[in-house]
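Shared chain: chain A. Partners: chain B in the first complex, chain C in the second.
Now for the complex of A and B:
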């Protein structure tokens, strides 16, 4: 599966420009983390990729064919978990997945449903009505419907929201395994999720791509721009982006990113979160 | 097609919803409203009361319920945000089409279920005149097709607005239009078809065809509107117009919508059932056409070939005129709207003719120029589907293998402006009918079979003397009854045989005719030694002329024959209805003002007298006089009779209902008691018989031929106060 995004821009009827001049190539197998602050254009990009929106500029190619013409083929090979979705409450988990399997045209739905139910740890709730499920369980049903039929292209928007830490790790690993032979696009605010599994990162801000590359490359770009210091005076924080403030018995220990670290700050090895924040903060300046 | 593949899935999901089952259950139960609350068919035939009304109520309620279900279901996916998941898999257009198909299928299943549930109930209520064909057609057309219309209308409203609240308002307004503003327009009232009566004893093909036409017109219109709304389904984050522009790129989609709307428009404009007669009934311009100068009528012959399957008529007519004017003359004919005239020849040569667009009293005007020859034989061919004038009382021009009625110009073009010759308007009519049908010319003429055809039809011929003429034909039973010094030919529908036998119809006819002829005199419209009593298909009343009288089937239904206000047992109610030949038709009453004096008073009294003669004074006293007295005593004790000011305070519908009931009591019970009192005051039964005989045979004022209460009182030398019962 190969997706090419060429000079894509998206302006809503309200006049709001959500994306501008976006160029990107996504190729399987890969697990791509999509990062960006709220309103950066991540959801718009994902809606464009699932053909819920049409770009106002540029074009998207799916396996070489323009999305307008290949919409049906794209939908047939897509698994999508939106951030905000609903389920038919009156159906059981199995019935709902059966419904989605039929929509997707899966030929052997029974085994596919069984497989995904196992994958998302919902065996015990397979015959329960959806209205009886907790928020985390509903999220797992959402993930299950995306995984149904082993689609070659998966898009997950904040998939671990509502899941407990154990489940988050489980799904992180699941996504990683899934991406071994497919193209997976993972949008999340939780840097930890991305750091541990993604082999490629895309950072979007204000509708443009700030970074594409591996997590290591992003971390490397922040080297020498992350430091720690003891907070003595509020004026110390001017020109810095504080990423952490830890209260200790000796005082407040601050971690910050900046283009140029002040002399009182001690340089530190950047984490992915630092690098991301550095990137965003640099853009803000 | 993906929608078809997904359809079973969506249907299964729909049927897993409790709301769907609730709506289905309510729809299945809704025909009960037609038995107790919503009764648009006001005829008293069994099929009107126990089939048409339940089916119409079921259709109206079901369409509304399924419309609301459609809005709820379409909105649910959006409201619960499942559409985000489904739209990522299949196009929202496909989903919408699949959901529509599922809803339509649920509607069809519900209609089928309703038919199954109501089959034994309807059969039980309707009794011996129940037929499966009427049942299936009534539930299919009056109810079944209403449900898809409701679904289409509601789904279109939702797809246009994408708001449940607004869609409900629009849908309910659309339903309300049909139930109020459009209620009198048979083509517009999509929810509640204009069905005023269904016949028990004869066929209902005409009214079923009319409803089917209306339903299909609306089905096409709403399918077109739905297709337009389908193009407006929001896609790619666009608004209504943006989505429309996007969806319309596939040109076949708007083309289908426009084709459906065009079909609907064409069906609306080209409806074949109702003519365009001038609604102003005071205009009679066709009677003002000047007679053709020097032209007299010699003879008319017509060969009529009804197609009882298609409901159409084909005919050839020939007219012989004597034209002594020495000039060409324009002859006018009345033709039934719906007929097409062709091949008009005078003495074998084509002559020019025109048919007016203007119509009056269910006739259009055909004008033909005849040559300046003395003897002219004008021939023409005509064919078509005879149209009617009253959209809210359709069925009069029923034409099927069970029944037909061809009146005047529907039989053959009617000469309008030619004076009769010495022999009047002699005519010889031949009509070819299915084997089971008997031809009954209305009047003294007698039809005879002149040919048994190879295709199983029979050709009948009769002679008459009129420019028009009425012919009834149907699957009739004819009873020959000698009574009152004449032969009564009593024709009634074969389906009604069991009811007629239970009511002792033949004996009742004999008893009534013997009694009334002896006591009041012969009927003025009796022609010589014979009188035809013809049971007609439900028509809203009967009429009589020249040796024949029409009995509306609604007067002889099982329900009416059990109406104890008219007699103790069905046979006596049959007597009551026949007595109306003397008091009602033979002598007319102005029944329009709701006053206690009507045709019912003397009819109930005469029925009592006949029953007294048949079964003795004690029986008549017990089942008639005592019954009247009891009802009248209750009437005088009625709260609203004692305090009429409170009646005026009630809501109009309630007031009219109570007033109608009280009026019935006065007509059927108080007035017979007053006549009985008059009988005592004038000196007994013999004296009263003489008075009634004189009134029956009095000279009529042609301007006001009704028998009034004052005339009755004057004849008895009594005043209103003399007959007070208090």
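Now for the complex of A and C:
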């Protein structure tokens, strides 16, 4: 599976420009993390990729064919979990997945449903009505319908929202396993989720791409720009972005990113979160 | 598509709303049959096509509401959130809409059937009468165009604004209060009480004047056209 995004721009009828001049190539197998603050344009990009919206500029090619012509073909090989979605509360988990399997035209729905129910740990709730499920369980049903039929292209928009830490780790591993032979696009603002599993990162901000590359490359880009210092030493520095404040017995220890670290700060090895915040803060200056 | 249709029927028909509506319909139907139909309309027998048509036209507002309520399963904000998942599936939107509308129409047909069965039981019990063939034409002429029009117009309005479907539910009550032209007499029941008197024979056979038949045919076609338009509008607004 190969997706090419060429000079894509998206302006909503309200006049809001959500994306501008986006160029990106996504190729399987890969697990790509899409990072960006709220309102950066991540969800708009995802909607364009599932043909729920059409770009106002540029074009998207799916395996070489323009998306507007290959919409059905793309949807046949797509599993999608949007950020905000609803389920049919009147149906049981199995019935809902059977419904989605019929919509997706899956040949052997029974075994496909059984497999996804197992993958998302919902065996005990398989015969329960959806209205009786908790928020986390509903999220798992959403993930299950995306995984149904082993589609070669998976898009997850904030998939771990509402899941407890144990479930989040389970799903991270599931996404990682899934991406071994497929193209998985994972949009989130939880850095931990992408740090542990993604082999490629795309950082998007104000509708443009700020970074594409591996997590290591992003971390490298922040080397020498992360430091720690005691809060009492802090002066009113321009361009210093505090990323953490820890209360210790000796006072408050601050961690910050900056283009140029102040002399009182002691340089530290950047984490992915530091590197991401450095990238975003640099853009804000 | 068959499976989607079956699941949609299950969603629409296997819930408290449907059972509640069926109970209300039966109770109101019993009231109409025992208080109005039993006397016969326009000097015709209670089991004449005219009296039966009058009974159905009195049931029409509730059937209209039922039909539009089925559509709220597809047009409500909650349903729109579920569409984020279903729209990403490869099934062509027209086929999907067709399966869903067929399920809503089945719901409307079942409610109509319930009214007719109630009338049948009433006729057999009260008069030992069972000449159903003559009642088919007034039933089709009264209900089919109205329900298809409710489906098409409701579907279109639901795509524009979900709350418009609820506003649209009041239409038959409004029509009942308005002096409609003769051709639209089927919509407020005036046709069944006025037409037999104009025929000037005792217990006349059921006839549908050309104007009334044309009006019903236009409504039927308009319902189908609005349905197609609503589906197109949905795809346009999505993009």
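Note that the second predicted complex is superposed on the first by the 279 of 285 C-alpha atoms of A that agree within 3 Å, B and C clash if a C-alpha of one lies under 4 Å from a C-alpha of the other, contacts with A are read in each partner's own complex, and residues count from 1 in each chain.
Criterion: a contact is a pair of C-beta atoms (placed from the backbone, for glycine too) under 8 Å apart; a residue touches a chain by one contact, two chains touch by 3 or more.
Keep in mind that what you see is a predicted model, and the values were worked out from it rather than measured.
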item	value
Clash-or-fit label for the pair chain B, chain C on chain A	clash
Partner chain in contact with A:87 - chain B first, chain C second, else both or neither	both
Which of chain B and chain C A:12 touches, first, second, both or neither	first
First, second, both or neither for A:252, with chain B first and chain C second	neither
Which of chain B and chain C A:54 touches, first, second, both or neither	both
Touched partner set for A:78, first chain B, second chain C, both or neither	both
Which superposed partner A:99 touches (first chain B, second chain C, both, neither)	both
On chain A, the residue positions that both chain B and chain C contact, one per complex	50, 52-54, 72, 75, 78, 80, 82, 84-88, 90-91, 95, 99-100, 102-105, 142, 145
Chain C residues touching chain A - in the complex, by the definition given at the top	1, 3-4, 7, 10-11, 14-15, 78-92, 96, 238-239
Residue ranges of chain B in contact with chain A within the complex	2, 5-6, 9, 13, 16-18, 79-82, 84-91, 236-239, 242, 246
Residues of chain A touching chain B in the complex	12-13, 47, 50-54, 71-72, 75, 78, 80, 82, 84-91, 95, 99-100, 102-105, 142, 145
Complex interface listing, chain A residues touching chain C	50, 52-54, 72, 75-76, 78, 80, 82, 84-88, 90-91, 95, 98-100, 102-105, 142, 145
